[in-house]
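Heads up, the next two complexes both have chain A, just with different partners, chain B and then chain C.
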Partner chain A sequence: MSQFLQVFLSGLATGSIYALVAIGFTLLWQAAQTVNFAQGEFVVVPAFFVLVGLHVLHLPLWAAVALALVLSLLVLGYLFKKLVVGPILPAGGISLIIATMALGILLKESIKEFYGAEAQPFPALVPQDPLNLFGAVVSMQDIMNLLISLGIVVLLTQFLNRTRTGRCMQATAQNPAVAEILGVDVKRMVLYAFLVNAALAALASFLITPVYLAKFSNGETLGVIAFIAAIVGGFNQIRGALAGGLLIGVLDNLTATYVTAEYRAALPLVLLIAIILLRPQGLLGTSEGRTV
Partner chain B sequence: MTITTWSRHLLIGLMLVAAILAPVGQGNYITYVLTSWLIFSIAAMGLNLTLGYAGQVSLAQASFMAIGAYSTALLTLAGWHWMLAMPVGLVLCFVVGLVLGYPALRVQGHFLAFVTLAFNTLVFLVLRNEDWLTGGNYGLMGMPRPDFGIFKTMRQVDFYYFTLVVTVAAALVMWAIVRSPWGRAFKALRENPIRAESLGVDTRRITLLAFAIGSAYGGLAGALVTSLVQFIEPGSFSLVHSLRILLMVVVGGAGFFFGPFVGAAVVILLPEVLRFTEGYYLIIYSALVIVMLAFVPNGLLGIGAVLRERFWPSRQRADMAQGAKLK
Partner chain C sequence: MNRKSFLAMSTAILFSVGVAQAQDPVRIGIVVELSGAGAPAGTNWRDGIKIAVDEINADGGILGRLVETAEYDTQTDPQTSRALVQKAIDEGAYAIWGTIYSGSTLVNMLVAQQNEIPQFVGSESPAIVDKGNPFVFRTSSGAQKGVPALTPYFKDTLGAKKVGIAWVNNEFGKGGHDVFAAEMAKVGIEVVADVSSEQAQTDYAADVARLKDSGAEAVFVYMNQEESARFLIEARKQGLAMPLVGEVTLTEAKVIELAGGAAEGAIAHVGLTATATQIEGIAEFAAKFEQSFNRRPTHDAIKGYVGAWATKYVTEMVGEFNGAAFAEKMKNLCLSVAEHPRMLLDTCWDATGEMSRPSFMVQVKDGSPVVIGTVPAN
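After this line comes the complex of A and B, so read on.
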């Protein structure tokens, strides 16, 4: 039982970080019909911004993290929107999918060439002491990761539902033409969605990198898992992406411990195929009447 | 025959002559690169049918190469002749492709991309974990090359010519498919599925066929890879390679008959050209792809159309233009 609790909690902690990435993913989809295949790399890049701040510019940790956040907003938010999505979106979905894949390769290889191919240790932002909880040994880090990610999700939901800007963003996602008629600055709202995505990716990066070390190729699995979480939960819902992320994190850990470690990576994929075929709108999603 | 068909025939003839002369006087390595260009052209040709003509995204072409490669490898290792083993792989890919086509009946676009992506990874995991059949991470090696008595393909250059013959045959079959009623139905499916259905095209059957035939081409490419490299392992058929094949189709020009050949040439040969840039090769390459997608979304073969549209814009009746947008 204590082992189960341990596995369950650490799965929940990783799952909550997946959820952050997945939420960014769904935001981009809603705001700009962009399926970002480079999302995994987006979670790796901010960690290396921090490392550059620490080891090249010799900044203190907090300054390095702040710098990384600003750089992420600039590069992964603004420049991504202006240089990649903006020019290519009119050419159609498939072109954009391929462009983001190419961007993923570009980011990954740039990290490898300009920083290094080895896994880099990354300073933990939260205490790592083990914690005894009902007989299970849980790391403080897991609990903090879970709490911080859930806190971010709550803040984001509040922002989207309670503030004027947030509601304008929702209106843009639902119907850009009508939103424009009602006086919403649609272009600005789309840009906000890209910035929020970049911020979420950066936060996820700061939380997950101490667990996995910083390595240029981490993005491959992260990206796929974020897509799967987004689709499983429901592509058009923030709470769907949250549920999907938590579900995948827990299931992944449970399978690896109790069923098969060899086919661990297969479980989310099978789940994905089953969900797409049986309930394409996702577990919590609502049908959009689009050609899904 | 009109002048344009004449010039086209001339061009195809010249390309064939170039393909025949290409390995003359070259070392083994260059011949090897040229052979893998032909093989990937076949795989990309299959994906071009699925994506370019029928409009169905697939990120699983490498897994069909894997199915073709492993089945051919296992059978040739068991003593079968390549010419007998290859069709088995083809049929297997056709059937699996038919099954993979079923999700496409329900989902489209990026959802389909994810299903096929998941399929590719599942095939990779099976290849890696089922050691008793596939040799696991170590893969299979020592597969014999096809041997036709007087024409043995053990020399690299001989195998190149063998691959060239297979490629030309595959291209002719593809030409026939694209020009057949099926080919028209594929295009109709891509342009407007609902209109295609209302005009009597059985879209279910056509979607499945687009996947199955495209997959069989992947299987053929896999069967050739087995003989070319004589060593196969799961890593050669991972998702990255599906992406590479997709890139070939898009870079060459999806929906153009010769697109896959151009695309495969760019993807396979560019590393050789950009070798002097060493580690920066992939960075430069992916940046080029993004730039290309921004300016010529139809691929390299689409450059002509873009230029023509810029300098001699075509006139279209406004009502026709509106009608084309109706869904």
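After this line comes the complex of A and C, so read on.
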């Protein structure tokens, strides 16, 4: 029982971080019809901003994290929108997809070139001591990661549903032309979506890197799994991305513990194929029609 | 011009040509993992070699020729490593230093063999010396020599009746796993959890959970550096209380750096450690390394250092730059530290290239591996 509890909790914690990244995918898709294949690298870069703050600028941890968040918003939000998405989107979705793939490679190789190829230790932002829960020794870090991620998702949902700006962002996502007619500053709302994505990626980075270590190549697997989570849950629904992330995190851990560790990497792919065949809009997504 | 002047001028010209030829550097290829999962090991190997090359060149080089190295990054990919060994040979390498990852060495050593190029490797998979390649030589004992040194530790010191194995599923990990499992069977210790993981795996939650619930009294951990660190971090997160005992990598400086406090208490049998400062040569090397690179050397750094110096010593024993003669000389060769001080410890190779050398048991205390025992050469 204690093993199941630990495995389930770890799965939820890891899945909640996948969910943060997957929500970024869905936000960008809804706001700007953008599929960002550099999303995995977007989760790696903020960790290195923190390390630069700590080891190059010799800032205390809280200041390095704050600096990393600001830089993430600027580079992965504003500059990404302004320099990559803005100019290329009119050329079509395929061009933008290729551009984001190239951006991912650029970010990865830049980290490797300017910081190093070796993994780096990363300070934990939450307590790491084990905790006794219902007689089982479980990880405090997993519980904190899960609570923080879920808390952020709840806040984001509240922001999108209960604030004027959030409702304007939703209106922009649903129908930009009509939203503009109704007086919504569409360009600003799209920018906000990119900034929220950058913030989510940064938060995911701060939570996952103490365990995964900071390494230039971490984004490859993370990006693929988060993308699959977004599709499995429903690419046009934030709650779908949340569900997809949690589901993949839990199933991955349960599979590795009780079924097979050798083939655990195949699980997300099998799930993806099954969802595309059986319910292409995702578990919680809605069907979309599109004229061509 | 009279005869005397002509003879004098000819002699001067011939002498200067001879001197120029003697100045031609000897080229050696460092083919090693400088990026990818193997980067922690490979960069240390390369940096240990840099220290050695500086010393060798200050000592006049090898047979009067200065050593010139060229670096080739295998990216921890076996096929890339094979191509780079060929490239190094095509560019005139007399010897190859590297690779470290056993999966790469098994693939690329055939190229060196075909070209009769001596190759010092950092790999520890038993398979490497089983292939009958006379041109490959270890810089540390293989798993089939190193891992059995842990058997008395599990049986007598820990008194364990049930153990778990956490190992990485690559050539390195498989080799160590198989040797350890056989050793445990020999002494009647039951393996109650056999948990394999993948190279570059990031999530160890399931692996640690399985070990926790298995009833194991101790765990043998046999992974590469980054994987070892992530495993230790997860083990601490989940409160894995049993002793974690490894071979070579578990208590390495890089692993301690990455795992931080999670490495505290980890135990390993190591062929070499920079903290064995009671040995003068090791203390001197460690100090030089730390001064040059601002970090402590790992055992891979010492391996690279020893491999470079072994190349010099043996080439000078042979008297010429001849790969075939070098390989013949290496068979059943012993280099004593009294006569070859840069070998750091008395070192022997058998006819297959397998190395024997005294070794150490270390435990991480206050962030450093501390020698808690020595193990004689086997």
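Here is the rule we go by: the second predicted complex is superposed on the first by the 290 of 292 C-alpha atoms of A that agree within 3 Å, B and C clash if a C-alpha of one lies under 4 Å from a C-alpha of the other, contacts with A are read in each partner's own complex, and residues count from 1 in each chain.
The criterion applied here is as follows: a contact is a pair of C-beta atoms (placed from the backbone, for glycine too) under 8 Å apart; a residue touches a chain by one contact, two chains touch by 3 or more.
Remember, predicted model here, so these are calculated numbers, not experimental data.
**Student:** Just from the overlay, do chain B and chain C fit on chain A, or is there a clash?
**Tutor:** Taken together on chain A, chain C would fit alongside chain B, as the superposition shows.
**Student:** Would you sort A:V84 into first (chain B), second (chain C), both or neither based on which partner it touches?
**Tutor:** first
**Student:** Vertex at chain A, arms to chain B and chain C: angle between C-alpha centres to the nearest 10°?
**Tutor:** Roughly 70 degrees separate the directions to chain B and chain C.
**Student:** On the A-aligned overlay, A:G93 touches which partner chain: chain B = first, chain C = second, or both, or neither?
**Tutor:** first
**Student:** For A:K112, decide between first (touching chain B), second (touching chain C), both and neither.
**Tutor:** Touch partners of A:K112: chain B and chain C.
**Student:** Just to be sure I read the superposition right, which of the two partners does A:V35 touch: chain B = first, chain C = second, or both, or neither?
**Tutor:** first
**Student:** Look at A:L272 in the shared chain and tell me whether it touches chain B only, chain C only, both, or neither; answer first, second, both or neither.
**Tutor:** first
**Student:** Counting only touches as set out at the top, which of chain B and chain C does A:F227 meet: first, second, both, neither?
**Tutor:** first
**Student:** Which partner does A:E262 contact after superposing on A: first (chain B), second (chain C), both, neither?
**Tutor:** Both partners.
**Student:** With both complexes overlaid on chain A, does A:M101 touch chain B (first), chain C (second), both or neither?
**Tutor:** first
**Student:** On the overlay, how many Å separate the closest CA atoms of chain B and chain C?
**Tutor:** After superposing on chain A, chain B and chain C come no closer than 7 Å at C-alpha.
**Student:** Across the two complexes, find the residues of chain A that touch chain B and also touch chain C.
**Tutor:** On chain A, the overlap between the chain B and chain C contacts is residues 112, 262, 265.
**Student:** Can you tell me which positions in chain C touch chain A when the two form their complex?
**Tutor:** 34-36, 39-40, 43, 169, 195-198, 200, 202-203, 205-207, 209-210, 212-213, 226, 229-230, 233-234, 236-239, 254, 257-260, 262
**Student:** Across the complex, what residues on chain B touch chain A?
**Tutor:** Touch residues, chain B against chain A: 51, 57, 103, 106-111, 113-115, 117-119, 121-122, 125, 129, 243, 246-247, 250, 254, 279-280, 282-283, 285-287, 289-290, 293-294, 297.
**Student:** Which chain A residues qualify as touching chain C in the complex?
**Tutor:** 2-3, 6-7, 10-11, 14, 112, 116-121, 128, 130, 137-142, 210-213, 215, 217-218, 221, 252-254, 256-257, 261-262, 264-265
**Student:** In their shared complex, at which residues does chain A touch chain B?
**Tutor:** Result: residues 35, 83-84, 87-88, 91-99, 101-103, 105-106, 109-110, 112-113, 224, 227-228, 231, 262-263, 265-266, 269-270, 272-273, 276-277, 280, 291-292 of chain A touch chain B.
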